[in-house]
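We just call them A, B and C in the order they show up, numbering each chain from 1.
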Amino acid sequence: MKQVAAIAYYEMVHILKDKILLLLVFAVPLLYASLCGLVYFSGILTDIPLAVVDLDDSRLSREVVEAFENSPHFQVVPGIDTYAGLEKGMKEGTVRAGVVIPEDFEAIITQHRNTEVLTVYDASNLIWGFNIRKYTLEVISTFNARYTATYLAGLGLTEREISNALNNVRSNIEVWYNPTYSYANYILMGLYMIIIQQIGLLCVSLTITREKEKNSWLQYLCSPVAAWKIFLGKSLPYFLTNLMNYGLLLCFARSVVLVKVEGSTLLILLLGLLYSITITSAGFYLSLWAANSLQVTRYLLLLSAPFFMISGYCWPPTHIPEFINNTARLVPLTWMAEASRLVTVKNLGAPYLVDNILALTVMALVSTFFALTFSKRRNPPAPGGLEVDCGNSYPKRD
Amino acid sequence: MQNKVVSSMLRQCLAVMRREVYYLWRDKGLRKILLAGSLLGLLVFYATYSAQVLKGIPTAIVDLDCSRESRQLVEDISNTENLKVVANPGSFAEVEELIQRGEVVVGVVIPENYAKSVSLRRQVNLAVIIDGSNMIYATNAANTVLAITGTINAQAGIKTLIAGGMHPDQAREAFSSVTFREEPWFNPTLNYAYFLVLALALNVWQQCCMLTACMNIIGETGRKSWSLLKAAGVSKFMFFFSKSIVQIALFILTVLPVYYLSFNVFKLPLACSFWVFLLFTLAFALALHATGTLVSSFSRNAVNSTRFGMIIAVPSFILCGYTWPLEAMPQIVQQAAWVLPQTWFFQGINYLTFKDPGWTFMAPFFSALLVIAVLSYTAAALIASRS
Amino acid sequence: MEPVVRVTDLVQKIGKRIILDGVNLEVYKGECFGLFGLRGAGKTALLHILAGIDRFRSGRVEVLGYDARKSERFKHRLGLVTQEKSLFQDLRAAENLDFLTALKNASRENCYRVIERFQLTDYLKLPVTALEAGVYQRLALACALLNEPELLLGDDLFQSIDPASRHIILRELREYLACGGTCILSFNNMDAYSKTDLYSIISRVGWLEQGRLTVYQPGEAREQWEDRLKSFAEQSGELHA
């Protein structure tokens, strides 16, 4: 145990001395978390620039316009009063949605002939697209109810009769877990999990490459210290800081970005524990294999975006081909991101997370097994020769 | 005399360029990343989004009434394009369970006395539950549900009015005289693959390019051979200029297969002309390369340079507003985001691929990228010449 | 007597290049074996195999009675000074000693003893990167001796170091040998070696060339070297001058 403690102590000393590593371990996760938090802080699209092209300018058309004006989600952009103007605004992104009321709209309606109001929205960004569509439908449904009520009142029906007609079959739409459709509630936790995974892997995967580059890895190899002790000592500081960052990010999400973080603390802790173990031992093992710090850094950072996209956290796995889903299942993030949503957003208990906990446990066990039992014999490094950056070194100006 | 100087400089340039090609080729890690990275990214993302549109949202319907009317309602819901009824559980609790398990996203419960209440014109409540935890699913589900329930509500209302003695035409008019037609512009099928795949692949591409650019200066000054080059009296400007030309050419070369696959094989939309799009890509490649070069000029070693470069390149996609719109971010983030070349690029490609707003509108995008390039190259040159 | 090191038909390749091509060697207790070879001859490769660091292609290597391919147990009784600097560069001298004491499971007393014997007290607070070559080498040897090894592997111990340090190192080596230790020391400069005290402590010299090891008595090795120099000189006609 003395040996493990000594290795862990001197790893910590190194982290404190290496300024960039220190930042990576203690500041970068929070920095990225703050950045994402800031970006998604509002979480809900409001004041969507809307152009109203009212070619009729009648009482009825003004009612339609009013319905849109009254929606808290839209902000009418003044000065656009032709279809061409709407087209231009949509192309240049100054408006994201439009309502076009045709000429003689009211006259046609009073004559009981068909006419229609055109609503358009910008689907080039589907975050805009989906949300605007929803808001528009909401406005239309409110408008229709009011129109029908007025119409029926005009026919002399009593309020009770009108209400009966309008509400005969009423739908109570309940949106669970994220009733405001907040984008922050939806995406932030997954992003935080990938921050934890990638930065965690990056830090711990430099621990052996660093020793290899400075040749001191030989000291470990020729010492009578067991492989598992090297692993435990080297990864302990990273495991602890990883766990700390995990907690920190969750607290940050909850109390600063104000996203929904519910669920049992014990379960959250268990997941964090399994996740940290997996990341730390996988990173350590990666470090044993990697040629040098430069290559690890390149590959790890590059993989962040693809890992996130295939995880099924954003685009639902039901609509992703099975071979991609199967690949994604090999990445801890896939399980962890889903688990974090189930616990923190959906507030579910352990019975709903059996698969995730099982998968993460298997991953933790397998990666720890390989890390604990690595061979203390290395393949002798090939002399650099013409291959740039594949040996134990990389360009530096020291 | 003058000719001789020029030709010797040209020869030197060519020699440096040739060596740069060898260097990039022999850096095995970088070679794999550059050759395969963005293409692999494109294929993976295209496969991920191969469903393209979010139809068939898993839905559960509980019919507690089991009447002719309620069965009709179930059928109406099942026939909607976007919903796919995957379960017919027997109770509300089972729907709850299915939603909690994530097996369905929408749950509809038709109450016991549905047919009776409708015929007696008593108010009856359909319970609709939507799982809001995945926003893409939830908004799509909500839109479909809003449309259906609107129709159901109107149909029931019309029946009520007719039963109350109103003329059928009048009853129908009460509910549907104002029709609203919706038109999603630029991406009429709401195709998610059109929206994201190319951008995600280009995001991988710009990260690969950043990795290369981050080696530009430190890749030389960090090597022992640097003193040889200095001793040989090669002009630093000429040297890095030649290197940069090779790197930028390589960036464009690696993006070409991505574009070919995207537009010719996967048929992703491109509103503007291909050459304009390529020119815009070139402008971005310059700006990106300049940023990477700047980073490589002040870093002490290649690892740090790579880290700094990637600290910019990795979160830039989140910051650029391609997905979650810039307008919805806090003012300070919006302003900061425009400093990054990636923001100009990704905003620009959204306009170019979907809208083609014309030269006058795109001019600021081109100029901004060129200004970033000039500023970064200048700063890099100043730093490199001082050290 | 059972040898401390027994190497049979050892083959090592790095990439496609053959570094060691059937090396046979036995080193006995109390012996100081000199390993000579020019740069790139494979001395470091051989020592790293003996220290249980590198994998090798084929052959059999026994160190202190254990199979060097698998066992870790002989490392308790082994010390290695590497050719390239391999102490922890981000730590001070004292921290290196402290850390390696822990890694080698050595005792505190030994640590204090080597500090004293190698006269390192004044340098303890300095970062190892700030140490002069001679002091660094003293520290490296002190670290290698922390666990009182039975076998000491010294890879180019005397590379361009100051006379004072050289003197201390030689003194400690003699002391180590006198107490029954065994060592293998590599060197790449036969001329320098012949003129120093190192010559006096080495009992046999193994000459590593083109992957093969030939063992000589110290005098023989020197004569071989001089013969070779002479023949080159004759070829270029310098001798007539």
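Quick notes
Here, a contact is a pair of C-beta atoms (placed from the backbone, for glycine too) under 8 Å apart; a residue touches a chain by one contact, two chains touch by 3 or more.
Worth saying up front: this structure is predicted, and the values here are computed from it rather than measured.
Of all chain pairs, the one joined by the greatest number of contacting C-beta pairs is A-B.
When chain centres are taken as C-alpha averages, the shortest distance to the whole-protein C-alpha average belongs to A.
Chain centres here are Cα averages; for subunit B and subunit C they lie 59 Å apart. Separation between the centroids of subunit A and subunit B, computed from CA atoms only, is 13 Å. A separation of 56 Å divides the Cα centre of subunit A from that of subunit C.
Listed for subunit A are no residues, as none touches two or more other chains. Residues 20, 24, 28, 32, 35-36, 38-42, 44-46, 49, 60, 64, 90-93, 109, 112, 114-131, 133-134, 136-138, 140-141, 143-144, 147-148, 151-152, 155, 161, 164-179, 181-183, 185-187, 191, 291, 293-295, 297-299, 301-302, 304-306, 309-310, 314-316, 318-321, 323-324, 341-342, 345-346, 348, 352, 386-390, 394-398 of subunit A touch subunit B in their complex.
Interface of subunit A with subunit C (complex): residues 2-3, 5-7, 10, 13-14, 17-18, 214-226, 376-383. Of all the residues in subunit C, the ones that touch subunit A in their complex are 12, 14-15, 45, 48, 51-55, 69, 72-73, 75-76, 78, 80, 82, 84-91, 95, 98-100, 102-105, 143, 147.
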